[in-house]
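Beneath this line is the structure, given in C-alpha cells, with notes to follow.
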Amino acid sequence: MSTILAVLVDGVIYASWLFVIATGLTLVYGVMRILNMAHGSLYALGAYAAASLAGAWLRAGWAPMGSYAMLVLAALLVGLVVGPLIERGLLRFCYGRDEVVLVLVTYALFLILEDVIKLVWGVESYFIYEPYGLLGNVEMGALSYPVYSAVLVGAAVLVGVLLRIGIYGTRYGKLLTAVIHDREVSAAMGINVNRVYLVTFTLGTMLAAIGGALTAPTVSVVPGMGVETIVLAFAVVVIGGLGSMQGAALGALIVGLVRSGAVHFFPQVELFSIYLVMALVLAVRPRGLFVAAEARKI
Amino acid sequence: MTSFRRTTLGLGVALLVMGLAAPLLPKWALFLVTIAIAKGMVALGLLLLMRTGLVSFGQGLYFAAGAYAAGVGSQALDLGDAVPMVLLGGLTAAAVAAGLGLLLARYRAIFFAMLSLAFSMILYGLLVKTSALGSTDGFNVAARTVFGLPIGSTLGRYGVYALAALCAFGAAVGLDRYLGSYLGRLAPAVRDNELRVEYMGASVRNLVHLNLVIAAAMAGVGGALTALAVGHIDPEMAYWTTSGEFVFVAILSGTASVAAPFAGAVLLELLRSFAYEHAPNTWQLVMGSAMLAVILFLPEGLWSIFRRRRRAAT
Amino acid sequence: MSPILESRGLTKTFGAVTAARDISLSIEEDTVVGLIGGNGAGKTTFLNLVTGYLKPTAGTVRFQGRDITGMAPRRITRLGICRSFQIPQVFDTLTAYENLLVGLGIVSMGRKAFVGSNLGTARPEAVADEMLERFHLREYRDEPASVLPEGVRKLLDIAMALAVKPAILLLDEPTSGVSADEKFSLMDLVLGAIRADKVTVLFVEHDMDIVRRYTQRILAFYDGKVIADGDSATVLSNPEVRRLVVGEPAPEEGAAPC
C-alpha cells in the first residue's frame, strides 16, 4: 500500500518537473514549428544561473528565504536575455525552412550552448542544497517528503493555470492561437507574426529555465545535465502530441508515473521504460495522444 | 564516362592510395583513419536516408548493435577472425532495423527522427543494465586474426585498417550503384512527393523500410570496425549524442557524393584530435558553429563546393 | 460494350459534409468523358474514391468487372487506372526526364504486378524521351521540375500518368491555371497524346467550351450527386445543369464563349 502511495507521489513530483520543461518545448513547437533540441541546454542554463544567484545570496548571509526569489529571478533573467538573443540572432533567419532543418539548427545550437556553459561556469559541479531543506519535511503515512517537492508540484500547477489563462483568456493568447492555426492568414490579417515568435520563444526559454532553476537545489548542477533532460522532454511531448498543452500535461503524468513505477518495481528497466511507452503510444497514435493525423488534400 | 564508372574509378584510386600510404603512416594516423572510415560508414547510411528525405537521430542504435554483436560473437561464438565479426555486426544491425522498420517506416520528418532516437535510448538503457555485457563499462573486444593473419604480425598490424578500407570501398561502390538503379532513384522521389510515388504503383513504406535496413547494415559494420579498432565497446555508442555526431558528419558532407561521408569523417577526426589537445572545452562549440554555417550557407554540404567548381569549369 | 469503370452507390462523408452521395455511373471503354460541376461539387472526391486515396463511406467501385473498393492507390495503379492532379504532383528536385523515369522504372521492375499497363517490354529511357517529345517538353528535359512554369508542370503531371500506358486515365482539371487562349491548344496536345494509345479518359473541367469540344459524354455533379449524365449536347442544354453548374439563367444553345 505504502509502495503504491510512494509510486504515485514520486510520479506526480517527477511529472511536475517534466511538465514545466515539456510545456515550453511544446509551446515553441506549436507556434513556431520548431522542435528545439537546445531546450535541455536552456534548462541547464536556468539551473546554473539559479545556482550562481542563490549561492551568492546565501554566501552574502542574507535571509535564506530570499534564495527562493533568486531561483525565480534567475529563470526570468535567462528567459529574457537568452530567449530573444537566440530568436533574433539565429532562428529568425531560418523561418520557413523544413522542420527537420530546424531540428538540425537547434541541434547545432545545443552543441554550442553545452560548451558556452562550460566556458562560463567551468566544468566543476555547483551545489545549493539550502532551499531544498529549508522548508522541512512533511509526513505522509510512513513516508516523509521535503516540502520543497510540494513547491515543485505547486509551481507546475501554477504554470499550467497561468498558461491556460494566458492562451484562452487574453488578447495575446488569441493572437497566438491564430498563428498556431494558420500563420499565413494571421500575417495577412495584420498580426505581427515576428513579434509573436519572439514572445513565444522567450516564454519557452523561460519555462525551460524555470524547470532548471527549481531543480538546481535538488541535484548537483553539472555539465551535460541538459543532455538527458531534452530526450525526456521529447518523450513527454511526443506522447501527448507535439504542440498540445493538454498533451504535455498528460504526457508528463504518464512518463512520471511510468518512471516512478519502474523505479519501485522494475529498477532494471527504469532507463528505457519511458522510451518504450513513447514507442508504444506512437505505434497506436502516430501523432501522439492529443493530435490527430491529418490527410493531405489533393 | 558514366558517373558510376567515374565514382568507382575515383574510389578505386583512393583505395590504392590508402594501401600505398599505409606503411608510411604512424600508428595514430592509422587508427584515426580507421575510426574515421568506421564513422563514415554510418554517415554513408545516413546519406541514403537523407536522400529518402529522412534524418535519423538514432543511428547509434545500429552502430552499437553492430559493435556488441561483433564483441559477443567473438566471445560466445569464438570467432577469432575480424572478417566474420564485421559481417556479424552488419547482419545484426540489419536484422534489428528489419524488425524496428515495421514501425519506423510509417514515420517521417521529426517523428522519424524522434522515434529513432527513442529506440536508440531503449538499447542504451538495456545495455547499461545488462551486467553480462559489462553494464556502463562495456567490455574489451579483440580479434586474433584478420584475413587469417595474426594481429601481431607485421602485416596483421594493418589488418583492421585494410578491412575498414575495403568495407568502405565496397559500401560506397555498392551504394552508388544502388542509387543509380530504378529502385534507388525512388529515394529522392519519395523525399519530394510520396503521394505521387504511391500513385505510380510503388510502396513508399517498403522502400523506406529497405533503405532503413541498408543504412543500418552500414552502421552495424561501422560499429564492428570501431569495436575492433578501439578494442573496447560501451553503451555510449547507443547514446543519442553519438547519433548526433553521425548526423553532424552527414550534414557536413551533404548527399551529393558517396565519397563525401568518408572525407567528412576524416575531417571531423582530425579536427577532434586537434581540438582535444588545444581547447578541449570548445570542441562542441566548433562543431555546432560549423554545422550552423553549413546549414545556413551550404545547404548541400561541404562537398557542394567541389561540385560547383566542376560545374563552373565545364 | 462492357463498362471499364463502374461505381455503385458511392458515398463519402467528411463529418457533416457529404462530398459524394450515392454516385452510380459507368464508363465505357475507349471513350472520352467529361466531368463538370461547380466548386465543391465533389469531382475531386470522386476521383479520390475511385483511385483509393479515400475509402468510401458506402458503395463500391468496379474496374473491368473487378471490385477495387478500398484498395490502396498503388494497387489500383497497377491494375491500370492512372490519374493526374488538380495541383500538379511532380518531383520537384528531379528533372522532367527523371520525373517520367520514376513511374516507368517502377513498372519495369515489376512488370508482372502491373497487369493494367500496356508498356510491354519497352525500355523506360526510350519511353520517357518519347513522352517528352509527344507532350512538347523536349526543351525542359533536363530542368528540375521546381523551376518549370505552371502549365508545363501540369503537362508533365499528365505525361507521368500516361507514360505507363494505363487502361484509363483520370485527369483532374487539366487546363486549370492555363490562360484562356492556350486551353484549346493544350487540350489538343493532351488528348492527341492520350488518344494515340486508345486510353479511356475521364476529365474534370470547368470550361464548358472545352468539354463540349472534346467529349462524347458528360457527367454533371452538384452537391455530391450526379444531376445529369448523357451525351454532351443534351447535358449542356439541361436546364438544371445550366442553372447549377454553368451558372446561367438557361439561355439557348451555343452561348457565346467568354
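Worth a mention:
Which chain is which? They are A, B and C, in the order written, and residues in each are numbered from 1.
Going forward, contacts are C-beta pairs under 8 Å (C-beta built on N, C-alpha and C of every residue); 3 or more make two chains touch, one makes a residue touch a chain.
Remember, it's a predicted structure, so these values are computed and weren't measured experimentally.
The greatest centre-to-centre distance from chain A, using averaged C-alpha positions, is reached by C. Put simply, the chain nearest the middle, going by average C-alpha positions, is B.
When chain pairs are compared by contacting C-beta pairs, A-B ranks highest. Inter-chain centre distance (chain A to chain B, centres taken as mean C-alpha positions): 33 Å. Annotation: 50 Å between the Cα-based centres of chain A and chain C. The distance from the centre of chain B to the centre of chain C, each centre being the mean of the chain's C-alpha atoms, comes to 45 Å. Across the assembly, chain C contributes 53, 89 as residues in contact with two or more other chains. Looking at chain A, residues 298 sit in touch with two or more other chains. For chain B, the set of residues touching two or more other chains reads 195. Those residues of chain B whose C-beta lies close enough to touch chain C in the complex are 182-183, 185-186, 188-189, 191-193, 195-203.
Taken together, the chain C residues at the contact with chain A in this complex read 44, 48, 53, 85-87, 89. Within the complex, the chain B residues that touch chain A are 55, 57, 103, 106-107, 109-111, 113-115, 117-119, 121-126, 128-129, 195, 240-241, 244, 247-248, 251, 281-285, 287-289, 291-292, 295-296, 299. By the touch criterion stated above, chain C contacts chain B in their complex at residues 51, 53, 72-74, 77-78, 82-83, 89-94, 98, 101-103, 105-110, 113-114, 124, 160-161, 164. Residues 35, 90, 93-94, 98-101, 103-105, 107-116, 118-119, 123, 227, 231, 234-235, 238, 242, 268-273, 275-276, 278-279, 282-283, 286-287, 296, 298 of chain A are the ones touching chain B in the complex.
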